[in-house]
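Listed after this line are the structures, all set down as structure tokens.
In the two complexes that follow, subunit A is the common piece, with subunit B as its partner first and subunit C second.
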Partner chain A sequence: MKRGDLSNLAWGAALLVLAALLPLTGDGYLISLGVTIAMYTVLATSWALFSGPTHYISLATAAFFGVGTYVTGAGIDHLPYWTLLPIAAVVGGVLAALVGLATLRLSGVYFVIFTLGLAEMTRQVVTWYQNKTGHKGTYVLTDLTDNDIYWQLVALAGLVFLIGWAVGRSRLGFALRIIGDDEDVARHVGINTALSKVALFIVSGAVAAVVGAIIAPRYVYIEPSTAFTPMLSFQVVIMALLGGTGRLWGPLVGVIPFTLLWEAISSSFPNQTTLLLGLSFLAIVYLLPGGFVGLWDRVKHRSARRRALA
Partner chain B sequence: MKRRTFFKATTLLAASLVAGAAMAADPIIVGAVAPKTGPLAGGAAVTHWPNIALWVKEVNERGGLTVGGEQRMLEVIEYDDQTNPAETIKAVQRLATQDDADIILAPYSTGLNLAAAPIFDRLGFPQITSSAATDQIGELSAQFNDMFFLLGRSSDLAEDAVEVLAELREAGEIGNRVAMVNVADAFGIELAAVGKPALEAAGFELVYETSYPLGTPDLSPIMKAAKAAEPDAFVAWSYPPDTFGLTEQAMIEELNVKAFYTAVATAFPAYGGRFGAAAEGVMGIGGVNTASPAFQDYAARLEAATGSKPDYWASGMMYASLQILEEAIETTGTLDMAEVTQFIKDNSFETVMGTIDFDDENNNTAYWTVGQWQGGEFKGIKETGREGAVAPILKTGWE
Partner chain C sequence: MTAVVKLSGATKQFGGLVAVDNVSFEVQEHQVLGLIGPNGSGKSTTLNLISGALPVTDGDIALRGREITGLPAREIARKGVARTFQLVRLLPSMNVVENVMAGAVFGHRRRWGASAERHAKHVLETVGIADKARSHVSQLTYIDTKRVELARALAGEPEVLLLDEWLAGLNPTELTEGIDLIHRLRDEGRTIILVEHVMDAIRSLCDACVVMSSGKKIAEGSTEAVLSDPEVIRAYLGDDDA
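And now, the complex of A and B:
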């Protein structure tokens, strides 16, 4: 381990502890914003672990998230809450493995469309099962407060960053970057491309399922339409791209401004929220093609060049 | 008096006058959050938002609510939750802490109300739900002490529909053969899960039974198959789009049944508007006492103020929830929500839907369960303790 690594880890841990202190403010509004930011940080970062290096755009986040909420919804009356999170991880991971093995041989737009359909398909399977068994509403009544949910999400974020950091330094991470640059080359140099991609897809699916399982008590009443909302998948992609996927911290710097922007728009223009959000999306894509990370790299690059000239 | 003192005195006087005027005009901030976009925006636009507009307009025309001997105007802050529970929670939180709302109105629909229950509970606002149908009222009110339920238990809605059919059969008006379909989505599944065993227990013969996904555009195969089974009664645990779609197909296929029931949205004025005379005899969820002068007066005021007609199910209950809140605040003379909540628990209220009295589980036990289009109005035919139910009529064709 290099010295730079150690200091990075220390910095990460310090920021995480700082983030965990938010509920001490006792401000309910800040905490509810914090829950949103923590939730999307985990989702976008784990999304970028897979999609960042490989350039496979996955719209399956809602499928895994929804499966996670239903793990909690179905299990809360029978099992202790804490056992549901690892179960959600396993269920999400298995679903990702199945989907990954079947589809990661697809490339480009075929993969995108498939993942978009996956959320809807999962929703229909859940609905079909409820319809078959004569289901009477899924309630998750617990004593968990927003604080508890926030801390769980921050802890999960820490775990995701750790995984991302470890993967980035491993042979697997190196293999994924080669796949992202040119999949044919990767195959020719002997990388098992399918296996590498599936491995990371499983991580990202399992994490999204755990997020769903953590959020379920917040919704109290679980409906397919809210658990599997396709909006979630798009928001995660947009936030991750706004931040930039080239760095582990990229999605984080996308999530925070985006959540605040969303909040500002929905509180100031409650009747035009959707319209203004659409305009913001356009502006982001048009003005910040590489996200904040790209901007940062450009600025750094330019100042380095200026220094070289001087 | 020295000039300086005089100057001081006048500024002080002016300042206190300004402050006094500001205090008298200090409005009561009413927070409202419900869908303006997303899947439930259409329902909220009929059932939820117009009632808030009417209530605020009328209260302010009277000069405001009297709190502690002082009349204060209402000022509404509205947020769109985009039919997303996370946004509902965030908006309620924002209303309480950023906008310093004095009152926060319960959101719209079962799902969004339940998502908001923990935050209402923590903030200590009474949450008088008027569009949440659930079977977990006991559990919910035990955990969230300030949560009230006006619309009733969801099981009653399905069980009473079956009871209406059973009574028609006992009277020898209809036969024993029932075709039952349901939309495969949350509430449709829940109603079917209660309705099917109820039909079987009542000794009906299910001659046709199927379900269809939410958003199915072509319902004609379903209606063709139902017709081929030659039922005496047709029951659909349906949602707004398919309630309309199934009725349309029944007209096209000339489904010849004496009892025709579709669930959610049958009570919407748009249903009567769309099908006109063909709607005569169609039964559905909800109902009101359309002969009640209080309801007629409310309907006329709502239409005059907002241009929107009330639906014949939850609209009146939504307005009743505002009346209850208003009476509780004015009688206790305070905006202390703990006191207001206690008052709501301890008292009964005269509303446009009749007297409302909450039981130990904060539940209004008297509500409408089944209604029927009769003479251009959707009249209540079955209730759990409301006055004014009319006798059901038989469906005679689609002309």
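And now, the complex of A and C:
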């Protein structure tokens, strides 16, 4: 392990501990905002683990997230809460494996559309099942507070960063970068492209499901239209791209300003949130290819060149 | 002695077009085999069949006597077949040494970490661009992109190397350097299938040639004999390289 790696790890751990101190402020509004930020950080970072290197844009986040909330919804009265998180991970992972095996041979736009369709389909299936059993939604009654939810999400974020860090240093991470650059070359240097992609897709699916399972108690009452809202998938994609997927910390840099803006706008102009989504998208496409991370790299590059010239 | 690569009746059909028509030939250990023929005669398609980029429609392909027909490209790469592409394909987000490492990590002989990097640098020395290891691939000259791709193919220490018009598009100085480089590979005793249009290169590099025309093998034998074969000359007539 190189010295740089150790210092990165130390920095990551320190920031995580700092983040975990937020509930000590006792400020309900801040903590609730913290939950939202932590939730999107985990979702966007795990999304980028797969989509960053491969450039496959997945809109399936809502499907995995929704399935996770329903694991908690269905299980909370029968099983201890702590067992639900690993169950959600397994269910999300299995769903991701199935979707991955079926679709990762598809290229570009077909993959995007399929993942979007998947979220809708899962929602319809759950709705149909609930209608059949005569319920509209499910109550999730626990004594978990916002603090508990926040801490779980921060811990999960730590885990996701650790996974991302390990993958980035592994053969698998290298394989995914090669796949993202040229899939034919990847095959011809001996990479099992399908397996590599599915492996990372499973990780991001499992994580999104666990996030859903953790968040469910916050909703108190869950129904398909909120648990599987396609808006979630779009938000995650936009935040991750806004921050940039070139670095592990990139999505986080997108999540924070986006969430704050979103909160501000939805409290004063509740109908204009879609506009924010659209504008961010335009900003990414026209002003920030590579996101904030890309911008940062360009600035660093330029100042290094200036120093070299001076 | 078993051939390193053996094609038996290899056939590839694209709809109504038979791009490779019942082609058989062998490549022996340490042999440099030229695969030549006019444009569109099926040379690249033949390489694609060997490397597993495309499945055969019919026929068999064997590597050291073991069948590789129908295996995916990654399995064939792992068994020791490496290639370059007619249109150079580098990994645009990576620097030179990472591009070469890509060939060293997952292929025939596998290395990882510092060992892979050391090996990649060593291969870069072999192809003559060790000084550009940290360059980004977008900064390279044309011949250097070809060198990087060749280094990537060599990095897995393949049993057989497939070069698809590796010398095409080089200017006269670069061409001399390029031919020298392949000569060195040949002197190292590598087994190579060389698809090529440059006649000088074919004469000086190839032990034997297989000539294709409209998907069919029309001649094979020692380079001298094949190049003076009237049927081969006829096939090339009208072609710029004749």
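Assorted remarks:
To be clear about the criterion, the second predicted complex is superposed on the first by the 287 of 310 C-alpha atoms of A that agree within 3 Å, B and C clash if a C-alpha of one lies under 4 Å from a C-alpha of the other, contacts with A are read in each partner's own complex, and residues count from 1 in each chain.
Everything that follows uses one rule, which is that a residue touches a chain if its C-beta (ideal position, glycine included) is under 8 Å from a C-beta of that chain, and two chains touch if they have at least 3 such contacts.
Keep in mind that this is a model prediction, so the values were computed, not measured.
Between subunit B and subunit C, more residues of subunit A are touched by B. Judged by the touch definition given at the top, the superposed model places A:137 against subunit B, while subunit C stays out of reach. Of the two partner chains placed by superposition, only subunit C is touched by A:192; subunit B is not. Contacts of A:182 after superposition on the shared chain: subunit C is touched, whereas subunit B is not.
In the superposition on chain A, contact of A:174 is made with subunit C only, not with subunit B. Residues 171, 174-175, 177-178, 180-182, 184-193 of subunit A touch subunit C in their complex. Interface of subunit A with subunit B (complex): residues 27-29, 32-33, 36, 124, 127-128, 130-131, 134-137, 139, 141, 145-146, 215, 218-221, 223-226, 229, 231, 263, 266-267, 270-271, 273-274. Across the complex, subunit A is touched by residues 36-37, 39, 78-80, 82, 84-87, 89-91, 93-94, 96-98, 110-111, 114-115, 117-119, 122-123, 134-136, 139-140, 143, 154, 182, 184-186, 189-190, 192-194, 196, 211, 213-214 of subunit B.
Residue ranges of subunit C in contact with subunit A, taken from their complex: 51-53, 72-74, 77-78, 82-83, 89, 91-94, 101-103, 105-108, 112, 152, 156.
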